[in-house]
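Have a look at these structures, which come just after this line.
In the two assemblies presented below, chain A is common to both, partnered first by chain B and then by chain C.
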Partner chain A sequence: MTKEFEPRIVGILCNWCSYAGADLAGISRIKYPPNVRIVRVMCSGRVDPSFVLKAFAEGADGVLVSGCHPVDCHYIEGNYKMWARKVMLETMLQQLGIEPERFRLTWVSANEGELFKQYVTEMVDAVKKLGPFQKPVNWMTELLEHERSLGTAVQEIAAGGGVGE
Partner chain B sequence: MSDKKLKLGLYWAAGCGGCDVAVLDIDEKILDVAEVADIHFWPIAMDFKYKDVAAMDDGFLDVCFLNGAIRNSENKEVAELLRAKSKVLVALGTCACYGGVIGLANFCTREEILETAFKKTVSTDNPEGIIPQPVSEVDGCELHIPEVYEAVYKLDDFVNVDYYLPGCPPRAELIAKAIDAIVAGQLPEPGSVLLPAKTVCDECKREKKDRHVDEFKRPWELIPDEEKCLLDQGLVCMGPATRAGCGAACTNVNMPCRGCYGPAEGVIDQGAKAMSAVAVTAVSTNLAEMEKVISQVKDPAGTFYMYGLPNSLLRGRQMKEAK
Partner chain C sequence: MSEEIKIGVYVCHCGSNIADKVDCAAVAEFASKLPNVTVARDFQYMCADPGQELIRKDIKEQGINRVVVASCSPRMHEPTFRKVCESVGLNGYFFEMANIREHVSWCTEDREAATEKAKALVAAAVARVPLQEPLYERYADMNDRVLVIGGGIAGIEAALKVSGGNKEVVIVEKEPSIGGTMAKLDKTFPTLDCSACILTPKMVECAQRDNVKLYTYSEVEKVDGYVGNFTVTIRKKARSVDLDKCTGCGLCITKCPTKDIPHEWEENLTTRTAIFTPFPQAVPNKPVIDRENCRYFTTGKCGICAKVCPTDAVDFEQEDELVTEDFGAIIVATGFELFDPSVGPQWGFGKFDNVITSLQFERMVNASGPTKGKVLLKNGEEPKSIAILHCIGSRDENYHEYCSRFCCTAALKLAHLAKEKTNGDVYSFYIDMRTFGKGYEEFYNRIMSEGIHFIRGKGTEVVERKGQLLVRTEDTLLGKYREVPVDMVVLMAACQPGQDTEKLAQTLAIQRSADGFFLEAHPKLEPLKTATDGIFLCGACQGPKDIPDSVAQGAGAASEALSLISAGKVKISPIVARCDEDKCGGCMICINLCPYTAISYDEEKKVAVVNEAKCKGCGTCSGSCPTGAMTNTNFTDEQIMTQIEGVLAV
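After this line comes the complex of A and B, so read on.
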């Protein structure tokens, strides 16, 4: 039996707009795919690019960062800062061999539960098409062999790991 | 008498030899070193063979300075051998600590690199298209050469490293200081970096202001003001994410920091952190304008991971499997 691939998406949402938007989607009983694991941060400006890379390094199939709309930032310009990083991060991810669909920055306000649903659905669909983010077999061969020879736990990302694992 | 002397070993794995030269750059201090220490292995300077090392008892060497990354099976084999023979193993230089400049090879597959090196460069004359193999037969004999690995690794991927002394190369004073500390038995906790925990910005005397740049420039495009922060002037400077120790050598001579001392304390991914610091200098409320400015940095991954790709979270480009 082959299970359909269920992507694991890490959602990093700002406290003031997008987290509240996701909350609204919840209390309004809007249905959206359960593939996104939400992490709340105070501001999208808090999102260091290394958070995104760490998510990928530890097995996420996609990363969704969401903050307040331009002009709406609780801290005035945090969302602009994230936008600046996003522009450069997109080029960097491409250079690192990661498909553009796997990372997205969106704006969702506290009353946009529907929009949150739309973004999550779009992202889950796009990442499903790409398949799991996994390091191909020939990558870091010697390191994996070495770790195996030591008998230490090797962090291997299970292909097609499903929701709720 | 001589058995009371410190027993030193030095080795270069996948490196350029610059770290070995940095050791010699301690100048007349090398005479003090010779007074307190005997060098038992140093391939670049003296005639020793691997079998001499293999014949040593385990833990025979008091200290071994190993520079260079792990690129092939020979590097790994000798690193493991020296680990067994050394009481204290110091990763010397950024290649051994974080992968270094040669770690940029992790943007390509081994096959791409071998193809380019042995077939495609303008100066290559290889009509038969021969690529060296780990094992080959010549006149009925089997010849063995080390196997090039799929990727570039840092030293501590394969062996335990007691101390890290990064830098490309580490300044001679820092090496001298490390040797002094070893002789005096005043070493910090194993696993430490033998450098301050601060960043290059901390050592850089330029005036830092609340910055906004509307154009990124490359060093050859301007002669920077010598008083103002280079980031403020639109140069890509990695000082905010890079470990201090160099005394801000580059920014002192009007060149931006390229990050050769590796990540500062607490930074898990030097490239991502430096990128974050540089990108936000271009913050503006005009998103389209901001995008235009930021896209002036043409090769962010190559720029920000110049000295530490094998030490980064993703360790290199994620290769698609061969079609």
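After this line comes the complex of A and C, so read on.
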């Protein structure tokens, strides 16, 4: 029997809620798949869309970004900014031919260790089904093009002040 | 930087906490082969003295200039290890932590997978740490006034202690008087001393001390700023009575023609007038007009109170007033509210006249209460039998999973008072008797000898048959289903978060736990702090608490606040945004995104400028900067990207 595919997923978590939620999962000895490797940022608002692209470029099979629930952000509204970027990122990833299941934005609070486990498990299962991430053939050229249009996209979204969800 | 990078990597076993699931020696061995790593060790306890000494020694003897510790969460020991570095002259930000306990050993089943994941996290830290820059803590001025939100016993205690430390304190209380729930109680367990006798002197002291300012009938509307420098907007609701002019003579109350308004403070057991003071010992002991029910406001006619007032204090034109005050620290002491048992029809509350809540019974047995201390049925007769039902809404997965802690002992107190007042049959329906505090078990033993009937079984249902109330239970000691006929039922309703908890959490940017109460920074070691610096918690707003615990926490929170403001300066994290003027295109996106208005535009240079005193380092600006000019100290694009590469290197 061949070894099952074990995806490598980069988790970018905000310090105040989601990172603390992941800590709580550990403190509560909640077991979950080991595939998510966590990078800490102070706020999900810090997550530059290029971090997500970088992770894929480095061979990540998925990227999970997680912040505080809406209205709970330690910095008032950083998570709304990330929320806005999510819309843009999803479009970009789609254009790059990356399956939507490989990128997810979630809200996990400091006391939701169970929820963190749930999101990780769901994501790992979904990515396992997709199999390893295959970089699109002309990934670099496409990516560069998107990077160029990224500035304009950010500006547009910032001017709109967020998403209407 | 021309200096050669020499990284020391330290993999902690944390006893067996990490070592059970992670092959620490293998991780250290793996680390030793990574670029720039000079030493890599694994050790029993890195946070203990010998572990710290190991780092110090390597810095001194081997010239280690970057440190990576793989152990617990940085939320736990990052400051510890930064200090270790600093103690031997290495900047604390040349340190990076890999969380292989909370994020690896404690949450992973398989040892091999855990070791693999630990390696990835260590690789990321090792990749990142050479890019880290020395950073220095900054200091800002500290305002030394303290705001206490909530004037119950916890808030009062906190305020008096802060005031005792010679600092100014402001209490904001939403009700017309301070006192909170304790003011409604008759006796207090386990000593049975009268609640008012021990509380009212403290209330009066709050009013009398020069450095305590009271805002009653007021609410916190907005909080700006940060630790040491909060600016708080307080809404003083229109009381319709000028507190400066009013002498509290009470003439207006006796003359008010609207007398049939349910008296909330008396738990609706009696009625009150439209202009009223909630209770005789109120502080301030000055009335307020309930505009919704006042004839002057509803019909435009009346105004009797204004006519009889000898000092001209009634002011129908008064409007809500917004005042702003500056503080260095904030103590949240907003208490709790009682669970409304009418949401569970099985208890018959609101349906049967003689099913009442614990607080209603408390008012009844109080000599200054609506029945002048008599226990009376709705028909005015004295009950011959009373059932006291524990755990109404607590320890019940349909309502609140938690135990409300104080109700068992409070129920014993009420059982004692019921027996004393009526000499009838008193039944106590309990699941477990939780008398945890000092002297509480002894109190239980005493009450048991008073002839109370204890039935071990939850009162699951209250029904009426031919005018007779019946309490249904499964008596778990007899192993029998029982129906106990009684005249009156007292429901020990759960302690739950107040209705405005959610709103206040948002105003203050503090968190709540799953049960809805405010969340402390650490359940054991930081019970009075919140995750937001400078904001502290005390009393039942953090979770069910009795009086001794609330008082202890009030004093504790005061000590937290005093120790913070006494330092005179606030330490500000050096993690802030920074703008590279050469890269900045002056698009101003960041200026609009910043929630703290910390970024402005330099017209001359046409670039964004960060005000570091206002910046909190969230990095939202950096995350949105299209040119990469805006970045965050200790979280630069390069550092994060390299860390991402690192976690994927294994």
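Everything that follows uses one rule, which is that the second predicted complex is superposed on the first by the 134 of 165 C-alpha atoms of A that agree within 3 Å, B and C clash if a C-alpha of one lies under 4 Å from a C-alpha of the other, contacts with A are read in each partner's own complex, and residues count from 1 in each chain.
FYI, a contact is a pair of C-beta atoms (placed from the backbone, for glycine too) under 8 Å apart; a residue touches a chain by one contact, two chains touch by 3 or more.
The structure presented is a predicted model; accordingly, all values stated were derived computationally and were not measured.
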Taking the superposition on A as described, I'd like to know which of chain B and chain C A:Asp23 touches: first, second, both or neither.
second
Taking the superposition as given, does A:Ala60 touch the first partner, chain B, the second, chain C, both, or neither?
second
Scan A:Asp48 for contacts with chain B and chain C and give back first, second, both or neither.
both
First, second, both or neither for A:Met92, with chain B first and chain C second
first
After the superposition on A, what does A:Arg37 contact: first (chain B), second (chain C), both or neither?
second
Of the partners chain B and chain C, which touch A:Glu77 in the superposed model: first, second, both, neither?
both
Examine A:Arg8 and indicate which partner it touches, taking first as chain B and second as chain C; both and neither are also allowed.
second
Once the two structures are fitted together, what part of chain A is touched by chain B and by chain C alike?
48, 50, 54, 71, 77, 81, 85
Can you list the residues on chain C that touch chain A in the complex?
73-75, 99, 101-110, 113-114, 116-117, 120-121, 124, 506, 509, 511, 513-514, 519, 531-532, 575, 587, 589, 592-593, 595-596, 616-620, 622-627, 632, 635, 637, 640-641, 643-645, 647-648
Over in the complex, which chain A residues touch chain C? Could you list them?
6, 8, 10, 15-17, 19-20, 22-23, 25-27, 29-32, 34, 37-43, 45-48, 50-51, 54-55, 58-60, 71-72, 74-78, 81-82, 85, 109-112, 117, 150-152, 154-155, 158, 161
Provide the residue numbers of chain B that touch chain A in the complex, in ascending order.
76, 107, 109, 149-151, 153, 157-158, 268-269, 271-273, 275-276, 278-280, 282-285, 287, 290-291, 294-295, 297, 299-302, 304, 312-321
Which of the residues in chain A end up touching chain B in this complex?
48-50, 52-54, 56-57, 70-71, 77, 80-81, 83-85, 87-89, 91-92, 95-98, 133, 135-143, 146
